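What follows are several structures.
Two complexes come next, and they have one chain in common, chain A, joined by chain B in the first and chain C in the second.
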Partner chain A sequence: MTRSRRSGTPVATVLSWLYALLLAAPLYYLAVSALKTNVEIFTRPFALPAHWLWGNFETAWRTADLGGALFNSVLISVVAIVLTLCLAVPAAYALARQDNRVARVVTGVFSAGFLIPPFAALIPTVILAIKMDLFYTREFQMLFLPASALPLSVLLLTQFMRTVPPALVESAALDGAGHWRLLFNVFIPIAMPGVVSVTILQLLTFWNEYLFALAITGTGPDVRTVQVALPTLVSDATNFGVLTAGTVLTLLPVYIAYSLASRRMQEALTAGAVKG
Partner chain B sequence: MDHRTRPRTVRAMGAFVVAALVLSPSLVACGSDDEAAASDSIDVVSRWTAGNSANAAQNKVLQAFTAETGVKVNLTEGLETIDDQVENAVAAGKSPDLVIVNLFDKTLGWLDAGVTVSADQYLKDWGLADKIKPVALDEWRVGSVAGGELQGLPFSGFSWPLWYNTDLLKKAGVDKPPATTDELIAAAQKLRAAGSGPVVVGGNDWTGQKLFYQIAESFTDAASMQKVMQNGGYCSTPSVMEGIKLFTKLRDGGVFVDNVAGLNADNMYASYYGDKAAIMPGGSWAYTESTAAGTGIDKRTTLAGFPIPSGSTFKKPTAYRGFTGVGFMITKRGAEPGRIENVRKLVTKFYADASVGEFVKDASILPRPTATSAPTRPTRC
Partner chain C sequence: MSTTSTLPGTRPGTAPPIVTGRRKAGGGLHSPRVLLLTIPSLVWFAVFTVGPLIAMFVIATLRWKGLLYEPTYVGTENVSHVFADPVFFDALRNSLVQVAIVIPIMIPLAFMLGYHLHTKPRGYRVLSVLYFSPGLISISITAMIFYGVLSPDGGVNGALRQIGLDSLATPWLADPSTALASLIAIDLWRGVGWTAVLFAARLASLPSDVVEAARMDGAGRFRIMWQIAFPMIKDYVRTLTMLQYLWTLFTSAALILLLTKGGPGTSSTTLSYLVYAKAFTQRDLGYSQVVGVVLLVLGIAGMLLIRALLRSSLENKR
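Now for the complex of A and B:
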């Protein structure tokens, strides 16, 4: 046992480093490309830049008006995630506390949401936006994104809330706790890793959403998201250094948010494994 | 001009959206409450996006227009799916007044679909007839023939010569750009011997496609080629087959760089700008970017046509030329009484000599008949 552990450790370490390198390679490529000319990107893709073109970041920021686009993305993502949690948490609480046919049917309905590919929902969604007079507005995206995120969010949160010990719920109820008190003081604290997981997963989804943002919110400089603003840097002769610099700028908020919440995320993902 | 082929799913998406909205007339009608009398703004969708070399010149025109007229320009940048964007906006009742776009693919059907209006009368009324070449107007007419309805007002065109790196040619012992395909094969062998790549092209994208067509047309007159392109029959047309065989002869003769089939336009530019290959087919839209590349390639480049084979239909090396680059398409909304005056002021502002000068200086977007030693010919590939 001891021998196998000793012999396995270096192999595991090497494999771990290889895996880390595998993940880091595209990030490295993106970062160095952001500081190069097109010629360098295509002729020496993984080499360090001959001249470090820090100006690419300024050019990308200015020409694609990334400041305004980042603001729109942040605004839409934050409003959408708040709405998602406001709807998904109570729904998950209700489903977690009920174990009858109705609850199973409702859960099934939420699960059915996975069966609808986003592309298939595009046409009715465009028509809906027009009907609501919200075409070419950020508000529609703020409403639509939570709707699309509810199936996964509700199902994940329901599973987390089902881990709350029934005895704890009963004792709190005996002490006179109503549904809201139970939700806020018992269920949410225990299911907090799940809430964080849903928040991070959906924030990433909202941030990266492109198809609906392009088709419905549009490319107007006052409403477009950062994912729609970036392609304005593409032309018949794209400056890929500037484009990748813009991409790096759009990724930074996501990485910062993830690094701040990564510990909670890991706790959430490993919580089930420990209990199992 | 957008020569790229977009994913089929994106095209399908646009088609589905438009189809669905056309089938919902009540929805389409609900957006027609635009303030026809309001003339203090103009909505424009343009393919000269932020990353385009013509963007700065466009912005100067728009700013000058607003300063002179007090009319605010609401500019929306059209991405690769600019045609879908405009069609969605029209269906949603939020049509722009003016679309600055190239004539290709879906935009060819806009006049017929009622998205845009005929520009014939505006050409006369706005005094633009003398400013635009008849051949350019013909390319913007329905069917690309004189007498057809004018779909829009052409603004920019392009030439598409072969670029030769004079330093690499000299180093390989090639004195001047080859004028015949035999000379081209010989030059390619010398270039390879000297360690330089010969002709680089995007073998798996539009640049390779266009070069293939150009070579395939070597023995065919324009009318026959148009017929083949409209009705098919490449292999059953002897003169076209002769051109295709010429292509394979050039390929087997080592004219193209190694692994060319896997390259795209970006690889082509990088390889040529970086002195890895000595020859590339590049459009006039790349003149500005070649200077901006910073390698000095523009100083050691000479432009010429593609060499011709013995027995060719053409007497001199050939280069494509076209006027379907970018133009102005006026939408139905833009043609409304309360809005057309703003459209007139803006469009004529673009055609003012000072504005044209800005575009030529910044983006080199107009054809340069003196830039190539080869005769040019229009194409409808």
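Now for the complex of A and C:
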């Protein structure tokens, strides 16, 4: 049985590796180009670099001010994730504890919100930032990102919190525990895998956010995120070696995180899309 | 989703008079008042998501030339502007072409690759890491990768020259006949593997005995895949199809902004990019938001269509 499962059909094997090759080729091209000059990139696109030009990384770091941009990205992502959890955890607790009509309406609101891509309301959101006097600031992004993350976060956390056995709730109630004690001592520990998944998933989403970061936080060197800083390396006379080096640097934090916790990350990201 | 066992009144034997003053003040551990805890998140959602969504319909009725000017009410004037503009119809056509190519290729291919991954073929760990990786890469990084790959002296043309197909080499993003196709190819590059990983994760959660039983009956691999595994995760296929449809329709603006700016001409302008460009580069917010409303309507209509298609075929099979 295992043999027949493992062998698969030749067509499937060939197709699956062909697609893998298609995925890997641009990533390989990216990695080798980061160490070359323009001339070498153009003339020997797939060869390993003749001279390893580590200076590209330094140039990219300096030109796009990636250090400052990385700091802005970390700051925005961390504040936004803390705010997301502060808003979503109590809401999920409430929805897991109650299943009346009001609770179902609230769940319905978040389910609908999950389907609508945030891009739909990009321009009105920019106007909101202007009206709040927070245009071209990091602060608006910190406030806005949690809102875009709430539907999925609340729905996922509610599912995890529903797994708390009623007996535990009863015994905590007999001990005279209030909602907050119940939440912190019983629900959050049991729903911890859910909290971790939501944190990973939304941190990645916040880190990768581009269009809102561009339109609202803007390209000012003191506030821009790393996703906005990277494309500033493109010009009429782009140095492709420097651009690809910058791309590698921007991608590195995510891949380091992935190599440290690949299983967790895969679980978190698939959980995020499994919830419809 | 079954009901939780913590519904109010599910504690038989708790006579009302026993409830102490302290518990009463706290609303009681089983009182529906716990739902007050959802208010902060609902307020947040209302201010930053629902509000802007409603504002879109209002802005669509305004003449508003740039973010720093005062708007005036013009009713349906923007709507007639938009529907008399050939650029809008180019964008509509491009968006329809985009989803009509991306979705029918992506979903079946991703399902088959996901099924293949699920059977744990040799080297499936390498495969799943590679398939998964576009899910980690942001739009701006994707754009920068393909800016290099598709540039006139980039990777694709380099590869074509090495295998002697110089005649096929072209500035992919600057050629009106290949710009949109390039963007569609990037959508597929990103989406297929990632969706396959999601399908594989879902298939792994199925009971394996049904598939085993089918295999015992001598059912072929292709038949098991499409006639047993597929119907079992049909709801999930429908959900992912809807999500991919919405993502493809709505989020192409960022990639286009970074790679082609909608050009050359309008050859790669989609509705999503038109919303962005009209607001930020051509300073016509009313026009932009009329297109935004069209996009929203198309999104909802497409979702309903996908729902109906994937539901009816399930019923036909039974």
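The working rule: the second predicted complex is superposed on the first by the 216 of 276 C-alpha atoms of A that agree within 3 Å, B and C clash if a C-alpha of one lies under 4 Å from a C-alpha of the other, contacts with A are read in each partner's own complex, and residues count from 1 in each chain.
By definition in this document, a contact is a pair of C-beta atoms (placed from the backbone, for glycine too) under 8 Å apart; a residue touches a chain by one contact, two chains touch by 3 or more.
Note that the coordinates shown come from a computational prediction; the quantities given were computed from them, not determined experimentally.
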| item | value |
| --- | --- |
| Partner chain in contact with A:Ser235 - chain B first, chain C second, else both or neither | first |
| Touching partner for A:Ser262 - first (chain B), second (chain C), both, neither | second |
| Partner, of chain C and chain B, that touches more residues belonging to chain A | C |
| Touching partner for A:Pro189 - first (chain B), second (chain C), both, neither | neither |
| Touched partner set for A:Ile130, first chain B, second chain C, both or neither | both |
| First (chain B), second (chain C), both or neither touched by A:Ser16 | second |
| Which superposed partner A:Gly55 touches (first chain B, second chain C, both, neither) | neither |
| First (chain B), second (chain C), both or neither touched by A:Gly218 | first |
| Contacts of A:Ala64 with chain B and chain C, given as first, second, both or neither | first |
| Partner chain(s) touched by A:Leu122 [first = chain B, second = chain C, both, neither] | both |
| Touching both chain C and chain B, counted on chain A across the two superposed complexes | 41-42, 119, 122-123, 126-127, 130, 211, 215, 228, 231, 233-234, 238, 240, 243 |
| Partner chain A, residues of chain C touching it in the complex | 1, 3-8, 11, 22, 26, 29-30, 32, 34-38, 40-42, 44-45, 47-53, 55-56, 59, 67, 112-113, 116-117, 119-123, 126-141, 143-149, 151, 153-155, 158-159, 162, 189, 192-193, 197-198, 201-202, 212, 215, 221-222, 235-236, 239-240, 242-243, 246-247, 250-251, 253-254, 257-258, 272, 275-276, 279-280, 285, 288-289, 292, 295-296, 299, 303 |
| Of all residues in chain B, those that touch chain A in their complex | 1-3, 9, 13, 16-17, 20-21, 24, 27, 30-31, 49-53, 55, 74-81, 84-85, 88-89, 91-94, 266-267, 269-271, 273-274, 276, 283, 285-286, 288-289, 292-295 |
| Chain A - residues contacting chain C, complex | 1, 4-9, 12-13, 15-17, 19-20, 22-27, 29-30, 33, 41-42, 45-46, 87-88, 90-91, 93-100, 102-103, 106, 109-110, 113, 115-128, 130, 143-144, 146-148, 150-151, 154, 162, 166, 169-170, 173, 176-179, 182, 204, 207-211, 215, 227-228, 230-231, 233-234, 238, 240, 243-244, 246-247, 250-251, 254-255, 258, 262, 265-266, 269-270, 273-274, 276 |
| Contact set on chain A toward chain B in their complex | 37-39, 41-43, 63-65, 119, 122-123, 126-127, 129-131, 135-136, 211, 214-215, 218-221, 228, 231-240, 242-243 |
